[in-house]
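Questions regarding the structure given below will be posed in turn.
So that you can tell them apart, the chains are marked A, B, C, D and E in the order they are listed, and the count of residues begins at 1 in each.
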Amino acid sequence: MLSPLWLTLKVALLATALAGMLGIGLGWWMARRRFAGHAVLDAALLLPMVLPPTVVGYYLIVLVGRQGPLGRWLESSFGITLLFTWQGAVLASAVVALPLIYKAARAAFEDTDIRLAQAARTLGAREWEVFFRISLPLALRGIGAGLALTFARAMGEFGATLMIAGNLPGRTQTLSVAVYSAVQAGDDPLALRLTLLISAVCIVLLVIASRLLQARH
Amino acid sequence: QEIIVSAAASLTNAFQSVGKAFEQAHPGRKVTFNFAASGALLAQMQQGAPVDVFASADQPTMDKAVAAGLIAEGSRADFVRNELVLIVPAARTQVPVRLKDLEAPAYRRIAAGTPASVPVGRYTMGVVEQAGLATALQPKWIFGESVRQVLDYVARDEVDAGFVYRTDAIVRKEQTRVAFAVPTPSPVSYPIAQLAASRQAATARAFIAFVRSAEGQKILQGFGFSQP
Amino acid sequence: MNPPDPLAPPVLELHVRATLRAGERHFALDAAFESRAMRTALLGASGSGKSTLLQAVAGLLPEARGHVRVQGRSLMDSQAGVNLPARLRRIGYVFQDYALFPHMSVLQNLRFGAREPEARAQIDSLLQRFDIEALRDAMPRSLSGGQRQRVALARALAAQPRLLLLDEPLSALDTALRTRLRAELAQMLSRVPVPVLIVTHDPQDVQALAQAVVELDAGRVVG
Amino acid sequence: MLSPLWLTLKVALLATALAGMLGIGLGWWMARRRFAGHAVLDAALLLPMVLPPTVVGYYLIVLVGRQGPLGRWLESSFGITLLFTWQGAVLASAVVALPLIYKAARAAFEDTDIRLAQAARTLGAREWEVFFRISLPLALRGIGAGLALTFARAMGEFGATLMIAGNLPGRTQTLSVAVYSAVQAGDDPLALRLTLLISAVCIVLLVIASRLLQARH
Amino acid sequence: MNPPDPLAPPVLELHVRATLRAGERHFALDAAFESRAMRTALLGASGSGKSTLLQAVAGLLPEARGHVRVQGRSLMDSQAGVNLPARLRRIGYVFQDYALFPHMSVLQNLRFGAREPEARAQIDSLLQRFDIEALRDAMPRSLSGGQRQRVALARALAAQPRLLLLDEPLSALDTALRTRLRAELAQMLSRVPVPVLIVTHDPQDVQALAQAVVELDAGRVVG
């Protein structure tokens, strides 16, 4: 029961980091820019959420599988294969969870007072300073909520993960895949134990994270 | 030396035991299983998943794998049979004895696997059609995402009857009762094969041989499967 | 103060045009003046465009056209295609509603714009002059109105600007403090000669802090 | 292809409404109150997100099925059964999507300026007026983002839905279940058509919703 | 103005204790005074606790203890366990930073507190008196500082309060407007006799608007 736990944590944390960077960046960009098709792009960024994870997983393997355009390039250029690896699980979870942090970040950035960013600029701040020292801290509560959701989703993701990473015990079998398998195998006691474990771990981590965030306030 | 065996979800419990026995019999060799619905397994292999052995719950999925050129020639073999059975909640006093009984109003809801994606559902629809009951039963169906879901519905007394494999019924023998076995037009046989791309062909073949050996078959029978 | 040198370029030369819109309403700013005084007071009725003009000078109104030159240095010249970003204008701006960074302490607010070591070294004395040393670790939300205003003023000065834009910088202070800070400010400005454009409604501010007066009315310079 | 579409829309919209009311209420309450176990409850409210939907569905059946405590009560008191009905699908989707709107709403409410609520109170506003006329409109951007996510999730939900609602063609078969089935069955052309349909519908609805929201600003 | 009636209860009786904390810092308010004048000016240096006192009177400081009585009506009396919620105190509060509702137009802001038809009927004349009719449909974010202040003042009056708390209500106005509004306010208050507690730094405000003066220093009443 411990090996899937570490794997799950590793996958969920890395996926949160990956989706977090991408989603916060996208949210920032979409909050500031307006262009034709802006609203459509915004809605399209939610699609990984709208499609059943298994379907997302399916299209992901079409893309990054050995036959896929991206997969072939990754393999020939760097010798990286994503199918049946925990890195693949990270990718799947990150893609599925991306809409969560993106939407939260965009709303949070739009709610920050632009006049504070302007004040920072008159004080000589470059754009990256404005971002890291003003906009990001001011949007922290909304972004924190988005990251909590992202992490939770990454912990619970199994549809797309199962497709890309497979269900290889000890190697790519995350806790949620294990719970799923246990339920499927009719092993109720194991399913319950795993459910309690995953719930406890998640609550503990989220509580710690919220403490840390509060301390910064 | 490690091989990856992609096997249908319904083999989960049985293959885990087989795998342990195989590793004991062949020290230094390791089997890692990848359990999922047969369709998902096929999609993975088509995209180049590094699988050595594929065990499907039905022939059509394996046929597609062969057609896609994934399977090493001559390695395909049927290794177990399963049986379609009709089960009812254990508490029921009235038990149907033939398919036609399901027409009775007492059977309001009947669970089966989703025909499009769950093999057991395909078999079910086949026999129902053959018995000329398709229209009569049509409004009664509740489709599950997997055979386990069908089993669960029956075990919880949410439906009046359900079609599952014998191997599944065994898992919940306290809460369910097998009414009768349903003969299928084509037998429910599971094919196993080595992947053409396998880099561990020897181990893969050894595993397939073990599954088909007397020892392997004994384990599988313990989980309710019968010989091919 | 020395009298202005007639041969030097004017301290402030500006002509700013901009139109603000919100729904049906719009406000047209079209203000031009030159000032040879180091410190100019900007007067005008409420809503006459004073804050808007300061924003344009600071580079915070993207729609602004025209030119802004400070001691010969061109900050904006839309004909010549010059439009320095706000960051490079080196302006100390005291916003009418302060715009303090709410997630930073008083000290961190002051340090934000004080980039050079020299500027940093000066922070302690600024805190002292504005009587906010005791508040150095306080967060803006726990400050009184007058305390916030003083922090905003100190923050603008801490950045060692080359032009000060002060939007009613003393309005929230009690009479005694106001008199003291006015003197303090006048003294600091006489030591470091920074051009100043100050919006104020207080005749005493004008007298003590400005050598010239420009009056706005409905977006245009009058008188 | 159209009957699952209407069903999906009906289920998703009702689930969004249900989760929305509950999640906004919970978010408001959690934003204002502090008590022992507050952080743990906050984290626990994310659990429907952390557990694989199939597992959530499984436990929901245990709860609202005929054998379940809630299910038995509902049936004996009101004659309502949720299993195998589209109302069950609404419940499953709402439960799975609840964390999204809850987290978004809580963060948005916490970011609103309490002084504006206070100003409203001095002007004689009752608490419900403060909520509906001040706090809710001020938190609208964050809440809107949360509702968009909730809707998207409800559209895409199928794990728990399938468990509770069964997969009754024409009655409880939602679009995402149909895409899932198509992918599982290896019917790529159908899967692609359904994917495009579900994506197009979702984008159109989200774009319309964001227009409406913007018009209110 | 008639001289205060010596037999009537005092217009304002209050004793408020509260301690504000933020990190290490704390501020203790312990202010008591009685005033028989209808209009009392609250003076005091920046940070002396004026705004904090107004908040306590308005019922916005949950930690406040003591008592507050307005014309004999008890708003708070912690010994007697009385603590009217802010909503029921019927107070018109002009916050130092206005606290306008940013999602409502000027008119909607004014209407928010004007519940009775009678109060609503009066809104047009308020808009006119404060010279903001042209801004009735404007959103606060597109207003100048002085315009915002006038809206805040009008909003407080529109609710037909039984006590007015004015926190530097004229500070952002130019001299001409300030003089006019001061007169306007004085006139309105003489017609509808509402008790007023006004924070101001302007001696002219005190003269025109107050009949008594209370001075705060470090949270306590002096003089």
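Note that a contact is a pair of C-beta atoms (placed from the backbone, for glycine too) under 8 Å apart; a residue touches a chain by one contact, two chains touch by 3 or more.
Listed by chain with UniProt protein names: A, D = Molybdenum transport system permease; C, E = ATP-binding cassette domain-containing protein.
Remember, predicted model here, so these are calculated numbers, not experimental data.
Q: Can you list every chain in contact with both chain A and chain E?
A: Where chain A and chain E share a partner, that partner set is C, D.
Q: Return the chain whose centre of C-alpha atoms lies at maximal distance from the corresponding centre of chain A.
A: E
Q: Need the CA-centroid distance for the pair chain A / chain D, whole Å please.
A: Those two chain centres are 20 Å apart.
Q: In whole angstrom, what separates the CA-based centres of chain B and chain D?
A: Here the centre of chain D sits 35 Å away from the centre of chain B.
Q: How far is the middle of chain B from the middle of chain C, if each middle is the mean of its Cα atoms, in Å?
A: 78
Q: Where the centres are mean C-alpha positions, what is the separation of chain C from chain D, in Å?
A: That gives a centre separation of 50 Å.
Q: For chain A, write out the residues touching at least two other chains, lowest number first.
A: Counting only residues that touch two or more other chains, chain A contributes 54, 58, 183.
Q: Where in chain B do residues touch two or more of the other chains?
A: Residues 40, 43, 152.
Q: Let me make sure I understand the interfaces: which chain pairs count as touching?
A: Pairs satisfying the touch definition: A-B, A-C, A-D, B-D, C-E, D-E.
Q: State the interface residues of chain C toward chain E in the complex, per the touch definition above.
A: So the residues of chain C touching chain E come out as 20, 22-25, 43-47, 50-52, 96-97, 135, 137-139, 141-147, 150, 167-168, 171-178, 201, 203.
Q: Would you pull the chain C residues touching chain A in the complex into a rising list?
A: 58-60, 85-93, 95, 99, 101-103, 112-113, 115, 155, 159
Q: What residues of chain B sit close enough to touch chain A in their complex?
A: So the residues of chain B touching chain A come out as 4, 6, 9, 12-13, 32-36, 40, 43-44, 46-50, 146, 148, 151-152, 168, 171-172.
Q: Quick check: in the complex, which residue numbers of chain A touch chain B?
A: For this pair, the touching residues of chain A are 54, 58, 61-62, 65-68, 71, 81, 83-84, 162-163, 166-171, 181, 183-186.
Q: Enumerate the contact residues on chain D facing chain E in the complex.
A: Its residues touching chain E are 113, 115-116, 118-126, 133-134, 137-138, 140, 217.
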